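First chain A sits with chain B, and in the next complex the same chain sits with chain C.
After this line comes the complex of A and B, so read on.
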């Protein structure tokens, strides 16, 4: 038996075999038949199409364009939204900055300050301080503490002069060596100090609810050492009228916040000069 | 015209329900599709019927076709699906001898041995679908293995493997046939001598 063993020769042979034949030509009417049927299907349009196909047809062959358009739209929306958010944040920041600058300027321009600080204590007791400052830079602080001690401080250029209400001698000391119990009103010692606190400490923002403010006031809220700070400003003078410090909002309870400190301000009202001289009498009367 | 430009033109026309798209598909792809289908069915008639069904499907699903990224491979895949569905639907196992004679015809006037057509066609019919498709597209549609890979959705290497295994199997069939004929001729010769 003779067998062909050379596979290359076989491959050539097979190739030759393939070459001897060709695919049968299409039937003469195939072109017409196929295209007629296809055109009929095309003319039938949506008839018999599945609803998804009909929906896709409704979208047309512009699905890619629609998708591209939708993508671009989403992109623009995203950009606009983010820009809008940024703009509003920016606007808020600018507005807040403007308010802070105006408040500071007004505080720096103040000619006198008269504020009363009330600090509730246990029971119905409260500490009370009255701080009066004039443009000459002298501050008088009348202290009426819960333990019944009444004292008056005069502070001028870093020196504290103190006199008891019983008419004792006036003592002086450096403000840095001042006892701790006199510290609370120091925050409101001068309008400049107050302005610094407002600018740097409280982080004030416009309050979401302006319900607590009078019609001629606007309210800013902030925080200091875990305490909520709320300051009402006169909308005309941009000077604070009331400053209140609260314990942080009790979550979910809806209870009224505990007031830690309340400060009421009066601005630019003349302060009798004699009250600002250390050792002057009628101290207690001036506190109330 | 650049094939991609043609494909884009077809896409846009299909999207616009323009019947000219069908004509363009015919002129661009019908011959290749018919050859591929003939190889799949091993029958000219079945291939033609399937081709018609393919075109009707193209017309009906024109939105999908218009959205196809690679139009020609998409049409080949569509044709394959239609062909397989048709085979499944008809549920008939074709008589190889019956179908093998009508899709390959002799070239020119040279008349080969009468039994050679069935043998070559029978050998192709014995091959797995992919190997057969690769050989048909390679020999009868002059496609490179890379092109075949793209059309059939396989890699060039896979197409090459299909080609190699197909040839090997076909060689076996052809060799057996040749040996058988040689043996027959020798026996006849011995009979005549005696």
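After this line comes the complex of A and C, so read on.
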């Protein structure tokens, strides 16, 4: 019993002693005061810094937000610029080459060609050729020159067969020995030759202004031995419809360009077989 | 023991002669010798690769790696660093080979814009230059991987040896932060890029790369933020490669859409898409070479990572190969005519 009393007293004593050292509860504004002091200290330290360092410190606090904003901005700008209308020089080059390749391929696949070549001469006169080619490789050229003489040539595998407009015997010769006045525009003899000229001679590129073309056509322009070349292509078949050669005029004159040659093409329309046999009666009057 | 090794050495001589003869016969049998020379391409890969190495490693470590390559011994840690150096050098040449391949095609087409004739022979010449760059890159990479593999073998043999033979002296690694050599490396790389790339109009670089540059950079930042800046799996290299792949796929989809419209407008879309594919690959490779790989090298040298992550390795070695495949596909698309609508 005595022991129990002693221990109770001891407990009370200990509690009293602990009570002496117990911390007083924090005052309600202590937290705010500490925070204000910390902010004041931080601001005091920032005052001593250069403005760029202060700015960098502020940016550092929002690093992730700034990066997120930058990434979204870059992505939006990237999408907008990729959808934009202006093409890079590189894309223009690729486009030019792809058009050339497609045009060449379409010319190689042609089954027949019928083209009329008009060459204006002095006065109202003009010389006219009509070139017809079929997939068998036979080319017929009807020449109607300015001096009124008419001539028909059949060209097949390097041999030219000639018949005059008045009829008579058909003569044959090698294409290399053909007189110069009969030489039709060689670049239009076959679609393959035309494709070669388009790829290698004309140096074509898309025209800046497509105003001269019909809605279902597109224009390519180029140059060949000081002559300006303009070719209109069918936008669906990629085959040429009109080829025009002009004398180069200085751009500031504003005059209409002088046409040197105009070629109109028709593709893949059947050509009567008898027209392609040398010396047949169908020779006559096939130019127009 | 020494007589055995001398005899082995003598036996190796005819073996080397035989190997050289087989290679020579192979080269002769392959037909008329082709020209494997493209000065600008070679200089870009060689000097650019050296610049990238300078960005990641200080001169002392480079010198030590060369000494280890010729057989000078060192501690395990030093050998580990040298192995890492040679791997980084090989990686740099490989990435630059891929990068120059794309650049050659871009330079070729940009040059074609000012030329009168645009024919297939001209673009075949660009493709030859492209493949030559990859050839130089892979050749230099293999040359660097030889000491890397040798040092790896040496390290492995040491690890399997008894403890007494091992030398665990820590390597004296230079300061792993941004050093003066790194700045020299960046300047050297930019100088190489400017001097070996001849564009008729330098400003066209911006118009060519603008969309893909913005998309790849923005996407890379977004990926890194999404996965967490300190994520060890998604390294900047992997993010760049991922965005390069996404950009290329976007380009291919755009290209196929363009092909459904076989008109000149459709051709324009196809051409734009092909440029997008090329420039996406180029931007991703540039990002990997200039930002991704140096950051990871620095982390390894500072001890924050033990070795390059698997994702980074896949990005460094697979993405340039993928770019080359895309390049060949793009080339095929350019020379393939569009199907005309009937």
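In this section, the second predicted complex is superposed on the first by the 196 of 288 C-alpha atoms of A that agree within 3 Å, B and C clash if a C-alpha of one lies under 4 Å from a C-alpha of the other, contacts with A are read in each partner's own complex, and residues count from 1 in each chain.
Note that in this section contacts are C-beta pairs under 8 Å (C-beta built on N, C-alpha and C of every residue); 3 or more make two chains touch, one makes a residue touch a chain.
None of these values were measured; they are calculated from a predicted model.
When the two complexes are overlaid on their common chain A, residue A:214 makes contact with neither chain B nor chain C. Looking at the shared chain after the overlay, A:171 reaches neither chain B nor chain C. In the overlay built on the shared chain, the residue A:223 is in contact with chain C alone; chain B does not reach it. Looking at the shared chain after the overlay, A:38 reaches chain B, while chain C stays out of its contact range. Contacts of A:125 after superposition: neither chain B nor chain C is touched. In the superposition on chain A, A:13 makes contact with chain B only, while chain C stays out of contact range. Residues 64 of chain A are contacted both by chain B in one complex and by chain C in the other.
Across the complex, chain A is touched by residues 11-12, 14-17, 19, 22-23, 26, 30, 34-35, 38, 44, 48, 51-52, 55-56, 58-64, 66-67, 102-107, 110, 112, 116-117, 120, 135-136, 139-140, 167, 170-171, 174-175, 178-179, 182-183 of chain B. Here chain A touches chain B in the complex through residues 1-4, 7, 10-11, 13-15, 17-27, 30-31, 33-35, 37-42, 44-45, 48-49, 53, 56-57, 59-64, going by the rule given at the top.
Of all the residues in chain C, the ones that touch chain A in their complex are 106, 109-110, 112-113, 115-120, 123, 201, 204, 207-208, 210-222, 224-225, 229, 262-264, 267-268, 270-272, 274-276, 278, 334-338, 340-342. Across the complex, chain A meets chain C through its residues 64, 67-68, 70-79, 81-82, 84, 86-102, 104-106, 199-200, 203, 205-206, 218, 222-223, 235-238.
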